[in-house]
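Got some structures for you, see below.
What follows is chain A paired twice: with chain B in the first complex and chain C in the second.
Right, the complex of A and B next:
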């Protein structure tokens, strides 16, 4: 079969990410079982109250043991877990993929499903806007230097090193509680119920401001720092000197530099996504934002382990998808990948 | 040596160095000056700062100033411990993979990439949760943080080892019959040291950060007051909404100071150690 280098790259990435997904699913099974207690003991410890009839308790334990296949060997349990998870994903049957929450006797997806849009709604726009703006500002700082850079650089360094949740705490305290400019908690006012009405949507946007800013500042800072040093390096290279000697316009040179500095920036983004998303989940806790991060927090408090496990898998999958998209962008933009191995294929 | 004199002439390095080691000294020496228990109920809940309770009390009536000092100390301890583990793991894996190449390198690179892509916080949450509250001492928390955060370092060290192994002095050592271990230790590792030191600083920051993160989730160590634990308590007691700034702002400021000073130390070292960037200044 004849494939262009880009297609080849695309398929090799697809396989790599599918393999990673499989590892992630297995880890999701293995990691929670590293500890001394198995899930059935954990639930029983939670359910058992002094007044509970021992017979009923025993019966419940039996039922849970069957449900979790505790009596089967570990590798069989793992196989069944992987099978159900993948089958659930393929058939889009999320209840099969994630099972039930045993603390509330509801399918896990009933918790994850409503939480996921809030998290994605917070993370995707901040990531995209923060990335673009951060790169433009970073390139500008490198090109202009001077006062702009002197102010801009330490500020970006500050925002990229401060933990997300600290930025969130400062913003909540200053703008939410002291000045009362923006709501400090939740994603919408308690008196409103979700709908597409103007009052509701504008209220959601109003509540969105502070969590958005908290993540946005950190993202912009990080991207700008990277882009600035990349651009400084590119501006000193021979091709820029050559272009200057040829009398290329400033705009032309900035475009060259921007393009060349962009690639390592994308690679950096791919490497940092896992860290960034993890940190951003904590912001939700500070703001009591009803996303997956807050779901983690409550399910840890309530010891609701299937919800925690499913949340972990969902977050990992989202990060994998985001990484895959970045990898594909790199493939499209990087001429070395786009035209590499042309000779082999011919 | 010349590089170190240059380093201490760099104002941003100097300031961040003084801030960080000032905090380390405070964390080490405070018991000489401040007596008090971080866990005893000494006052009423949510007392505002007074001369007696410099930073007020929390929901349990515990002295926040004392708690903060203990928190600083344990967070620094986690940073040092987890940072060391992560750096050592990253350096060993990176050096072996980069120098040996072949199948071993492929396996290690794949492992490294897996740890980079899969969010470390998620892995930390799952492991910490499965250990149960009784299984999470400060040391155990440090170890699991170190064991999940090494991939960055491994990736960078591998790239360096890969380019270093082409150098003449390495080939010379090979011709002289030195074994793999001694070549890695004597001919490769010394050339990566300045990078490794910078990586260690970042890994310390990561250790402090990750501890604060899982503590905020409610999965921190059970046996110590850490900065993350203070934030978690404040969150649980809804101190944020009530505006009791003393129970969360000082802890958040300390975490921020630790992170910022370590970061600035790292970047200013980079401008000195990396000739490519130095030229531009």
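Right, the complex of A and C next:
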């Protein structure tokens, strides 16, 4: 079967990503179990009070171990975990894929499901708007220079060097606590319950401001700095000089520069995604935002393996998907990759 | 073009969030908005998503916690100011040599209209006997196993004392910490669960264990029926909301026909102390039960506590250093006494809990509140030890200890000790601070000890198996009428002794003393006040001489702090309408009938 270079590129990427996913699933399983404690100990810590007969406690502990399957050898547990995860995803049965929470006796999906939209709602708009705006601003700074660049560059540098959660804490302190302009935590007011009312929707947007800004500022800064230096580099290249000599319009030249400077930026995005998602989870904790990050935090404290695994897996999958999209985009946008694939073909 | 893409993408993102945010809540949600002036926001009782509303499971969600009387009620409510048990479902009780009799209110009703009867009480207690793993099973140590709870008539219950462990104090504990459940509902659930569990080939105990495990999975989240003044309105992973039950039987019987002030009580679930503290400071929460550093800084914002000034809270528990007395050098009483002199207790109280407790006095009896009557100041002076590093060295020296060239301690037989570790769960910031200060003091006299903060599960496991050097723990972490006996019992009793490696859930350091054991078994049988006082005196003297544990600081039982932005007239020292028990714990619930909305 003859495949076009792009198809070939696409399939080679798919295999890479599936392989990565499998490794991630295994790591997901192993990492939480490397800690010194286990969920049964955590549960029993709250049950073992004066007055309880140690013999009864032992029996309880035994039954818990059996229920959570941690009485079985590690490789058997791993096999069961991988089997259920894959089966669940193939049959689209999330309860099967993620299992039951140890601490809450309920399917993990019942917790992750409602939390996921908050996380996505926080991350996707920040990512997209931050990326586009950051690049435009960076290109502008490179092109205009002058006072705009002199102000913009150090500010971007500042925001991008500070960790997300520091910016978040800073914003909470200034705008949430000192000035009380914006709510310092939660996704909506305590007096509300989710509904489609205007009050609720506007309250959600109001609460959205600070967490959004915390991620946005850092992210825009990072992108702008990258784009600025890429653009400065491109502005000095021969093709720009040539275009200038030909008398191309300023707009035309900026478009050329922008397109060429974009490619490395796209690769940079793929690399930065993992870190960004991790940072965003911390932001949720700072703002008590009801997303996956907050759930994650609780489950780490409780040693609740299934929730930990599910949270990590979802984050992994999201990052892999985003990376994959970027990879494919690069394949489409960068003629060199097509040529390389063609070369291999020949 | 770019702008259009940006705005549509942003809109899509927010829409995803809103859409699923709205649809993702549980079907239990009924109210879309809680009117602020009629809602009491509380915090600090629930730290993660609600697990289950089944009061018999090991860690039920608020308000099903055992001594919170909002939905299920106890027979009586403990008042930490007076030490008395006040009427709730039980009108009065009397104790004689063989039993404790409780008379129930005849007007007491479940929220579905059925009367609360002696049978319900019997069912509740018997349930704990049937299922040894249930959280209240410990009660049966003190009840006659053959016929411990008798429903004499529909409103009289007799609790028969166990002959082996005759203990009138422990029984008082039971009647204010066991939530009474409706038999007509729980029996059906229990039977239906029994029918689904395959117990073939199991003995009776195993079978009961399997049934109980399954019973714990019953979440009881759909319209739980209790007897209390509030009903469960909704619960999701961000909040638990209760709505006032206007037909509450107690309004007439206990409060002269008045209703509790808040229409709704909402517990928002936040992740950490500072979140709860911020919510209280900003007036989003009205009441909070959590540790708030420098609470006085929040006073200008309308935050209040029981006392206007230091110590702000009423002390109720003791945090103790637990030495493993099966190991050298902790097995040497002189070494323990030297440790007690090496620790700067004032600094611990001031730094670890910001002075939220009075100065520590020697002994295991709290020198205030209901326990004060048993505290003897002369004994404390004579036998007690306080911070005095010079004395610590002196004690060690006269017991034959020496110091090496590295100024670390060498044992009487010339043996150097390995580095000891002083452990507590990581993240328990006040405990961590206390340990750091204690370690400084101990190192100062040459004791080679280091702090080690571990996961809670690990710490607990090490404690129960006695696999530690020094640890930190609160023996009995709540106030109860059985104190101070129960604290002494927890610290000194070897009646359930198990060697290190096997588990014990009290006396973690494995202290053994025949005199202490006999005093501890005699004390709860006494009814003569003079004899009781004398027995406590001897016991406390013994404690101060032997130091099986070393109290480091007093700590409030409940951190009761409130905001007056939306509600006023909270119980305080100058307005003692209820004890500082957070308007819900034990007799503290009375406060709900006293607070007033500011209308804001």
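Please note the rule applied: the second predicted complex is superposed on the first by the 296 of 346 C-alpha atoms of A that agree within 3 Å, B and C clash if a C-alpha of one lies under 4 Å from a C-alpha of the other, contacts with A are read in each partner's own complex, and residues count from 1 in each chain.
Note that a contact is a pair of C-beta atoms (placed from the backbone, for glycine too) under 8 Å apart; a residue touches a chain by one contact, two chains touch by 3 or more.
Note that the structure is predicted; figures quoted are calculated from it, not measured.
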**Message:** Looking at A:177, would you say it contacts chain B, chain C, both, or neither? Reply first, second, both or neither.
**Reply:** both
**Item:** chain C versus chain B, contacts on chain A by residue
**Value:** C
**Request:** Based on the superposed arrangement, let me know which partner A:28 touches: chain B (first), chain C (second), both, or neither?
**Result:** first
**Request:** Please work out whether A:248 is in contact with chain B alone, chain C alone, both, or neither, and reply first, second, both or neither.
**Result:** neither
**Message:** Once chain A of both complexes is superposed, is A:309 in touch with chain B (first), chain C (second), both, or neither?
**Reply:** first
**Request:** Classify the contacts of A:277 with the two partner chains as first (chain B alone), second (chain C alone), both, or neither.
**Result:** first
**Prompt:** Taking the superposition as given, does A:160 touch the first partner, chain B, the second, chain C, both, or neither?
**Reply:** first
**Request:** Examine A:209 and indicate which partner it touches, taking first as chain B and second as chain C; both and neither are also allowed.
**Result:** neither
**Item:** Partner chain in contact with A:285 - chain B first, chain C second, else both or neither
**Value:** both
**Message:** Just checking: does A:185 make contact with chain B only, chain C only, both, or neither of them? Give me first, second, both or neither.
**Reply:** both
**On chain A, the residue positions that both chain B and chain C contact, one per complex** = 35-37, 177, 184-185, 285, 297, 301
**Prompt:** Taking the complex as given, what residues does chain C use to touch chain A?
**Reply:** 2, 5-6, 9-10, 12-14, 16-25, 29, 31-36, 39, 41, 47-49, 51-52, 58-59, 132-133, 135, 137-139, 141, 205-206, 209-210, 213, 216-217, 219, 234, 236-239, 266, 268, 270-271, 275, 278-279, 282, 284-285, 427, 454-461, 464, 476, 486, 489-490, 496, 498, 502-506
**Prompt:** What residues on chain A touch chain C, complex-wise?
**Reply:** 35-54, 56-60, 63, 67, 103-106, 111, 113-118, 120-122, 124-125, 128-129, 132-133, 136, 177, 180, 184-187, 190-197, 199-201, 204-205, 208, 285, 288, 290, 294-295, 297-298, 301-303
**Interface residues, chain A side, partner chain B - complex** = 20, 23-24, 27-28, 31-37, 154, 157-158, 160-163, 165-166, 169-170, 172-173, 177-178, 184-185, 229, 232-233, 236, 271, 273-275, 277-279, 281-282, 285-286, 296-297, 300-301, 305, 308-309, 312, 315-316, 319-320, 323
**Message:** With touch defined as at the start, can you tell me which chain B residues reach chain A in the complex?
**Reply:** 12, 113-114, 116-123, 125-127, 129-132, 135, 152, 155, 205, 209, 212-213, 216-219, 231, 235, 240-241, 243, 245, 248-249, 252-253, 255-256, 259-260, 262-264, 267, 276-277, 279-280
